Structure formats: structure tokens, C-alpha cells
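In the two complexes that follow, chain A is the common piece, with chain B as its partner first and chain C second.
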Partner chain A sequence: MSRARPALTPWLLVSPGALLFLGLIVLPLVLTFILSFHVYDHTTGIKNEFTLAHYAAVVSDDYYLGIFWRTLRLAALTTLICAAVGLPEAYVLSRMRDPWRSVFLLVIIGPLLVSVVVRAFGWSMLLGSTGLVNQLLQALGFGTAKLLYTESAIVIALVHVMLPFMVIPIWTSLQKLDPMVEAAAWSLGASRFTALRRVVMPQVSLGMLSGSLIVFGLSASAFAIPGLLGGRRLKMAATLVYDEYMHELNWPLGAAIAIMVLLANLIIMLAYNRMVEARARRTLG
Partner chain B sequence: MQKNGPVALAFHTLVVIFMLAPLAVICLVAFTPENTLSIPTTSFSLRWFQAIFVHPDFVDSFVNSLWLATLAASIAVALAVPAALAIDRYDFPGRDALNALFLSPLIIPHLVLGVAFLRLFALIGATGSFAWLVASHVIVITPYVLRLVMAAFTGLDRSAEQAAMTLGASHWTVFRRVTAPMILPGITGGWLLAFINSFDELTMSIFVTSPQTVTLPVRMYMYATESIDPMMAAVSALMIALTAGAMLVLDRAFGLDKILVGQK
Partner chain C sequence: MGFLTLESLSKVYGELAAVRDVDLSVAKGEFVSLLGPSGCGKTTTLQMIAGLVEPSKGKITLDGRDITRVTPNNRGLGIVFQSYALFPHMTVAQNVAFGLEMRKVPRAEREERVKAMLGLVHLGQFAERYPRQLSGGQRQRVAIARALVIQPPVLLLDEPLSNLDAKLREEMQFELRRIQQRVGTTTIMVTHDQAEALSISDRVVVMEQGRMTQIDAPYRLYERPATAFISSFVGKMNRLDGVWRRHGASGHAEIAGMKLPSEAVDLADGYAVALSIRPEKLLLKPAGQGRLDGKIVNRFFLGSYWLFNVETAIGLISVSVPNDGEEPASEGDTVALDWTPASLRVEALSAQGAAA
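Now for the complex of A and B:
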């Protein structure tokens, strides 16, 4: 109806939002980027001189490298487990009938809406030295295990928080898949496994890829889970930034780490877009 | 349709238990009569729910979070509806860039946003201000509203609008009397989703709240890092109940799967 109207209207419609977003996303990010080059002195604070020392410290100091390595390792492990659990779970869900299908979809993705602090707290109770998991282990005769404040605890809770993000895209791509195609493969003599591997998997791999990306990105910048389940000793990137800001008060160093987290995220997203485009070109011929 | 085999169902049961276990344990422990985090076996008690009201800081944070989420979600809707209208209906230079800008908070880690807001607020002397806290939440939740409203616009049957135009209605009347009622489900769903996301937000808020503007998740995080007693479980159980309530409304009204799944 309005395609031919003067070009002013759309600008008037978007301008309030656009101004707010420019002022509160672009500007603060630029300021933080600049901040990460400021010299920091422990007695006088942030100085008006510039240095690359913070970036150099982060990539050369074993303390920071160790935290980055742990962040990448735990995020990758979380992604792997989420994919290994999320794929079959989405498949099982897609073969259920209503009302069970809706009920269990709600059970799987509903926790997404519960605050992450609450979920982390729940896991800290389950995994504590006298928690239910240890009671179960003892009853089964395995003895107790120290779980809370270990990397295992972080990964378990991260998988719990991230699983919905893996199930959702896989479920979406399974919905687009015609069940008759799988049936056709069977009637043509394919085994169930072959049908899964050659017919279903290629269709859902894109969903799984996009799920993996979201899970990896969110796990690598997760804050509440390592904060509450890793204790003070086991830091990840986000808790490290928080400590630099709130305890060390070294804002420029914290800013440098935050910028690196952001860049890593953007690079992964761009790589993903490239992959999707390349795939689209291949399928189009 | 093929049925799931016993192995598949056993696996599914384990996943469901895994997803529900931490929430179930919270709801049980909240009713413990003991002083420690234990699952009540003989009797249930409401003493830890009563304990919340002896801690006025938790009540204050709860009220603060309610106001914050209500204001932020409403402002996000007020910004997202016209923006979605412009992006959906018009072709103008910078349209794709603006769309990307509006959705960018979804891919920028909240940690980075928190650090960035803190720097800006420190420079303009706005640290600890409630109004700027609202603004920072608006940024984080607007993409959710925008996606739902855009989807509502895309699924809209335009012939009703055209009929109203032909009958002589002005642009504004058409929007108010025809378009708005049709996209209302998208707007309401977006508002609720934005409200929940704002109410639950921790990572960004922990950088930009001051002792006067501490939100409930931030208060809970601080409390849980220092001491753990069953009161945390009681507060958490209340939050689960609240979320479950909101979820039921969302599900009844729009289908939760549509809101959370359909918009990807």
C-alpha cells in the first residue's frame, strides 16, 4: 500500500529505535574498544596514555591463557554433549504424537525461561557433597565423588542450560522433513540406520550446525554457571572479566578481554554464514 | 508415523529427568523445616518462605525487577512495532543495516554489553541510575519483540487493509482499527517474552546495577556466592512458580513452541 509514499515515513518510524541502538550499542562498544588501550596504574587508576600491554598480557600470561583454554575446552565439550543428546532427543520428540509431543517439548525448552541463577543453584544442590547425586552414587556403591566446584559440574550445568538451544533448531529442521521420505528409503530397502544416516542426517545437519554455534557462543561467554558452580578457583572468560572489573578494578584489562570475547564470537558467526552460503550454492548446483 | 522404540523412550526419560531434576529439587528443598539444604522427609514447613520477608532487600529487589521488566518490555514494544512496520513495509536505504543493528544484541554476549554499558554510564555519570538501567534492558530485549512482531506482519493478510483503504480510511485509522488488532497476538507475545527475559537477566545487569537498583537475579547471585541456606531455595521456587505461570499464559494464548521455536 505504501511503497510509493515519500521516503520520509520509514525513517520517522525507525528513528527512535535506531537512535537508541546507535547510542547504546555502537557508542559504548567503541568506548570500550578505546578503553582497552588505556594505560592502567594500580595507584592512580586509568591514565590518558595508550598501550597494547593489556592485549599482550592476555596472550602471553599463563594465567589468562589457562582461563581461555579452559573456556574453549568446556564450551567445546558442552557443544559436543548437547549435539549428542539434542539430536536423538529432537528425533524422538518429532516421532511422538500430540499431546505428548507438546507436553515434552514444553518440558525440554521450558527451562529456558527460568532464570539461569535458579538453574545453577539447583545444580549446586544436586552436585554438592551431600547432594542427591552423591547420595545416589553411594547407594549404588560407588562412594562419593567431589563434583561441585569442578569442571564436570560446570559442564553438566552448561549442558542443562544449553540443551534447549540445540533441540530447537534441530526440531525445526525435522519439522520441515517429510516423514514419507524416510519411509520411502525403507521401502527401497534401506536399513533404519542407513535411512537415518543418508536421508535424515543431511536434512538436520544445518539445524545441528546452527544449534552448535549458538551453544558454543553462549557457553564460552557464560557467567552464572562458572560463577556459582566453578567456585573462585575455576574461572572462565566471563567470570575473569567480572573479577577484573569488580575486584581488581583494572577496567582496561577487563575491556581487552571482553573485546577478545566479542571478536571470537563475531568470527564464529561469520564463518558460519560463509559455510551456510557455500552449502546453499552447492545444493543449488 | 513410526513409533519410538523402548530404547528411544528410555533415553527420552533420562533427558526429561535431567531437565527437571534441578528445578524439582529446588521446589522440594524450599519446604524443608531444617536449617540446611535438605529434602524434607517427615514434615513440610513454610518457614523459609517467611524468611524472605524478613530480608527486605530481597523484597525490594523483587519489586525493582518487576518495575524494570514492565517498563523495559513496554518501551521495547513501543520501539519495535514502528521499526518492524518500516522494515516490513518500506524499502529504504540502510534498511538491512538497521535490521541487523536491531537484532545485534542477540549475537553480542551479554557480558560484553554489560562492560560496554558500564563504560558509557561511568563517562556520562549515569552509574546507578534506574532510568539508564531500563534503557540497557530495552536494548537487550527489543530483538525478541521485533522478531515476533515482524513474524506477525509477514503472516498478515493485506486484503483487509486494502479494503479499509478503499472504503476511505486514513493510514492511521487503518493501522489502529485493522492492522493493530491483527498483529496484537505478536505484540502481546513479544511483550511477555521481553518481560521474562528482562526479569531473568543477570550477566549484563550485574555490571550496571548499583546497590540501590539491584535486580532480583543479581541479588540472588550475590547471595548464593556468599552463603547458601534454604531461603535461596524458597526464592528460587517462587521464581519458578512465576515463570511457570507466565509460560502457561504464553502457551495457552500463542503456543509456547511457536514463540520459542517458530521464530528461529
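Now for the complex of A and C:
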């Protein structure tokens, strides 16, 4: 018995996590995958026959392709802006001394404690036609601008939500940096900016990589923000899936779109990871 | 006026003065070490010269130019950091070329100079390696090459050898001196290792609690330490408290009634003095044939010499004897100590506390 236990222990330890993963992720995914091949009829509903028609419909229809393209574009833009804002933010954070560092770390993580839906409504109030932003624009004499239900609104809100996921990995990799390395670059004649670009940034590229993977993945599958700030017409992949399920009641088509988004996301992220990580690993070890 | 001068340089952190009114003048081509225990302010001094720490007070001039407020990237000094601070994502050649790139040196000349510099530090074959693929000693030499390739007026070394093992440290000491003499760069090295400071410097500056307490050539520092702290910090020293007995124009030192021949000093009778003598200045003789008898308590063999701890009437005395190939006296033996009077140094403590 005492001989059997060591072999059993790791399985027992891993079982809660594995069961959760199997029951809540793998199983629904498999069911969705099967569902996406079912035939759907508008009068009788889902039939127990199999077809590739849903996939063919999505690939051949400009409407769906347009939404996929927008999703990709907005997710990439969000990632880019998050990286551009997050890097200096993380750098400043890493140079702060302690009382302030903790305060600002909390400020950065703070938004995560508020529901995404609440934050999306907040933005829709700010960006609405009579919202604070437009009042300010009017007061300054620029006239009103249509902000709500535009791609800009979606990107603004996504950046706000995703920023912590970029700042924290970069900050972690900055922590590991020898502060003297930057001083060495200065002593060799590099300006502060050059030192940052040539010496600090390449070394936090792994942190930026994981940050952008998280941000891209979450943005491409974001639901609440495009749903509330994009309006009925400006759809992204997740809101499209929702519409197919809940409004069209065409579950198999929705499932097919969901599977395609998942695969596209997976391919993009793996390719990106392979590309950047391979290079970083080679030099940084 | 020296090439590099520090004038009443101070750095105060809140209440604590890390460096207090430091004055130093370094000549062109000179190798100066700042020696002291950790927390004595030597690294802060170096960082102020480098421009990484802003002085609270005082002035730094380089070749007649005031550089006190100049940013580090405009000082043009070469710095070798304790951690080496190599750029991990660049090859050895790229590391060394970085400073030249910042100076907009044309590519052809840059490659030429990098190659020559890597040759000087014997790293020619390692140009395409990354720092993590090098040993500690090799990294150290990359750091030196990187700092020297820009032909800095002054080279600053922050504990450059402390991360190396003992054997490599000794090799690199001489290597460092060889490179410095070859290039002729004015060099300031911070170290807590007195052997390192003594062996390769032209002058050693001893720092204690933010002050420079002695600035001297290594052998003078060793023979004539200015303070009790320096005498114990630099090399080994036997230190005993005694009394000065004056008779006429001369006198002698005395401890517990024992008369000890020493160097001549001009002190009043009964003056309390500190007597000090280096272990290697003492000779071991058969019992009764020296100036002071004692019993060997411990004996240590250290390769090139033997170290004895001898219990005498005036206290425990360390004696070191060169290894001449024969086994010397062993533990428990009674021996006599002898010395030339001039090697027993006498320092006045104060008139008070004089033995009756």
C-alpha cells in the first residue's frame, strides 16, 4: 500500500484541476465542435445530419469576413496601443520608490476589480453624444463628434481594460533587470532614450511578448465591450456568435464561427509566440 | 592641479553623510585605489565621479573642466561595474562596439578598434559569443574592453574582481595592471580587498565612514598606517598598549614592566602609547636568545610562510616566518622573539591613563 501511494499522489493532486478543465473547457468545446457540423433548418431547427455548409457559408460571405477582419484589426490595434502605453508605464513604475510604487500598482490593477460591464457603461456615458467628452469638445469650440458606437470607442475601452495585462508582465521582467546595465549604457554615451531603446527594451521583450499574447487573445474574444460600445451594427467575433445563437437561433452556424475564431486566434498567437520567443530565447538564453 | 580632482565632495542621504568632504587629486595615467570596508563611502564616491549619484556638495574637475553637473553620457568616462552590467542580448563584439556606435564612429574603424581591443584582453576568438556563454573572468575582460575602447580619460572600476574566485582574482589583478599600463588610462578602482589595492595601485586611498583617512603609496601605507583602523585593515598587525619611559634624550617602550626596544620618539615620560609591529618583522629564535620569551599556541602552514601565535608576558603575538623548506618549531615549544628596534612602531595615545 505504501508502495502504491507515491504513484497515486500526483494523480490525486492533479485531479481537481484536470476535472475542472475537462468538464468546463474540453467537453463544451468538443460539443461545440460537433454542433458546428449539424444541419440547421429555419423551420424545424437542428437536425441530426452533418454538413460542412456552415463553414462554407462563413468563408464565402463578405459580411462574416468583414467582421473577422475588424476583430483582427481592433485586437491588433489594442495590443499595439497597450504595448506603446504599457512599456513606459511599467518602466516608470519600476523606477518608483516604495510607498508610491504600491499606490500606483494598485491604481493599475484597480480596474480589474470592477466588472467589465460596469466599465463599458462608464465609457458609453463618457463617450455618448451628450457625454463628458462631447461637452468638453463643445466647450472648446470643436463641435460634437460621434464617438459612441464607433471602432474608436471599442479600442479606447479595450485598451483601458487590457492595460494591466500588459503592464504587469513587463514590470515583472523589468524587476529582473540589473539596474546597472542601463547605467553602463549611459556611461558609454547613450542618452536616456537610446539606453531605453537599445538596452532595456530588448531585455523586456519576453515580458512584452506574454503581455501582448494575453491582450490580443482577450481583445479578439472580447464580448461585453464591443457589445455595449459597438452597438447593434458594429459587431466583433464574440458578439456575432452571440447573435447567431440568441437572435438567429442558428446554433450550428454560431458554433462554426466560434470554432473558426478559436482556431484563428490559436494560429496567430502560436505563430507570434514562435517568432518572437525563438529570437528572444536565442539571445537572452 | 591634478588631472582629475575632487574638492570637498560630499553626499548626504537624509541624516546620514555617506561621503564627507573628500579631497583627492589624481595625476594623469595614475592608478588609484579607494580602499575601505563596506559602507565607507567608496562606491558612492566612485558613482559621483561617474555621474550616477549627484553630489550634495563639492566639485569634480576633469582636465580643468568642471564636470560636477554633467550627465553620465556626456562625461565620457569608462566604467566597469561590479556586476559587469554587460548587455545580455548583444554579442561580445556588439557589447564592445556599443560605445563607439554612440560616438558615431564609422563602421570600418569601429570593427578595427573592437578587434584590437578584444585582442588586448585576449578575447579575440569570443567576439561572436553572448555574455552568458562566457566564464566570469571572460565577462570581466569584456567589461574592461567595453569601457576602454572609447578611450576614456578616466577608467572607473567598481570592485572589478570581487565576483571571481581566488585564483582567477589574482591572475586578473596583474592582467588589469598590464592592460592599464599598456593603455595608460588614469584609473580609479574601488575595492575592499587590501591585497588587491596594494598590489596594483600607484596610490591607495583609505576611506573610513565617509572620510579619506590616508592617501599614500602602497608600501608607505603598509609601513606607516596613519590610524589604528588602517593598521589592522591593511595587512596583519600586532597591536599592544604600553607606556613610554623617557631617559634623557632617548627612551624605551614598556609593557607590564618589560622593556621593549623600539623606534625613537619624542614623548614625555609615562605617556600612554600604542605599540605595533607586523608579524613578518618578528624573528623566532631559540628560547632565551631573543628579546622576549613565549610559548607557541598555534601554528598554521600557509604555503609560502608559517604563521605562529605566541603567548608571551605581554600578550598573544602573531609571527610569520617564511617557509624555508624545514619544519620550524611546533606547538607547545618555548621560543624567543626578536626584532630590530626600528620595526616596533610607537604611537602616542594620550597623556592620560599613563601607568604609574
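In the analysis below, the second predicted complex is superposed on the first by the 256 of 285 C-alpha atoms of A that agree within 3 Å, B and C clash if a C-alpha of one lies under 4 Å from a C-alpha of the other, contacts with A are read in each partner's own complex, and residues count from 1 in each chain.
The definition used in the following text is that a residue touches a chain if its C-beta (ideal position, glycine included) is under 8 Å from a C-beta of that chain, and two chains touch if they have at least 3 such contacts.
Predicted model, so just to flag it, every value in this text is computed and none were measured.
In the superposed pair of complexes, A:276 makes contact with neither chain B nor chain C.
In the superposed pair of complexes, A:122 makes contact with chain B only, with no contact to chain C. After superposition on the shared chain, chain A has more residues touched by B, the comparison being chain B against chain C. Contact with neither chain B nor chain C is seen for A:56 once the two complexes are overlaid on the shared chain.
With both structures placed on the common chain, the touch criterion links A:113 to chain B but leaves chain C unconnected. Touch criterion met: A:16 reaches chain B, while chain C stays clear of it.
By the touch criterion defined above, A:262 lies against chain B but remains apart from chain C after alignment on the C-alpha atoms of chain A. In the superposition on chain A, A:242 makes contact with chain B only, not with chain C. Annotation: chain A residues 183 touch chain B in one complex and chain C in the other. Only residues 1-3, 7, 9-11, 13-14, 16-18, 20-22, 24-29, 31-32, 35, 85, 88-89, 91-93, 95-97, 102, 104-126, 128, 132, 157, 160, 163-164, 168-169, 171-172, 179, 182-183, 210, 217-218, 221, 223-224, 227-228, 237-238, 241-242, 245, 251, 254-255, 258-259, 261-262, 265-266, 269 of chain A touch chain B when the two sit together in their complex. Partner chain A is touched in their complex by these residues of chain B: 1-4, 8-9, 11-12, 15-16, 18-23, 25-26, 29, 37, 39, 78-80, 82-83, 85-87, 89-92, 95, 98, 101-102, 104-105, 107-113, 115-120, 123, 135-136, 138-139, 142, 158, 161-162, 165, 171, 196, 199-200, 202-203, 206-207, 217, 220-221, 224-225, 228, 232-233, 236, 239-240, 243-244, 246-247, 251, 256-257, 260-262, 264. On the side of chain C, the complex with chain A involves touching residues 50-52, 71-79, 81-83, 85-90, 98-99, 102-103, 130, 132, 146-147, 150. On chain A, the positions that touch chain C within their shared complex are 178, 180-181, 183-192, 194-195, 198-199, 202-203, 283-285.
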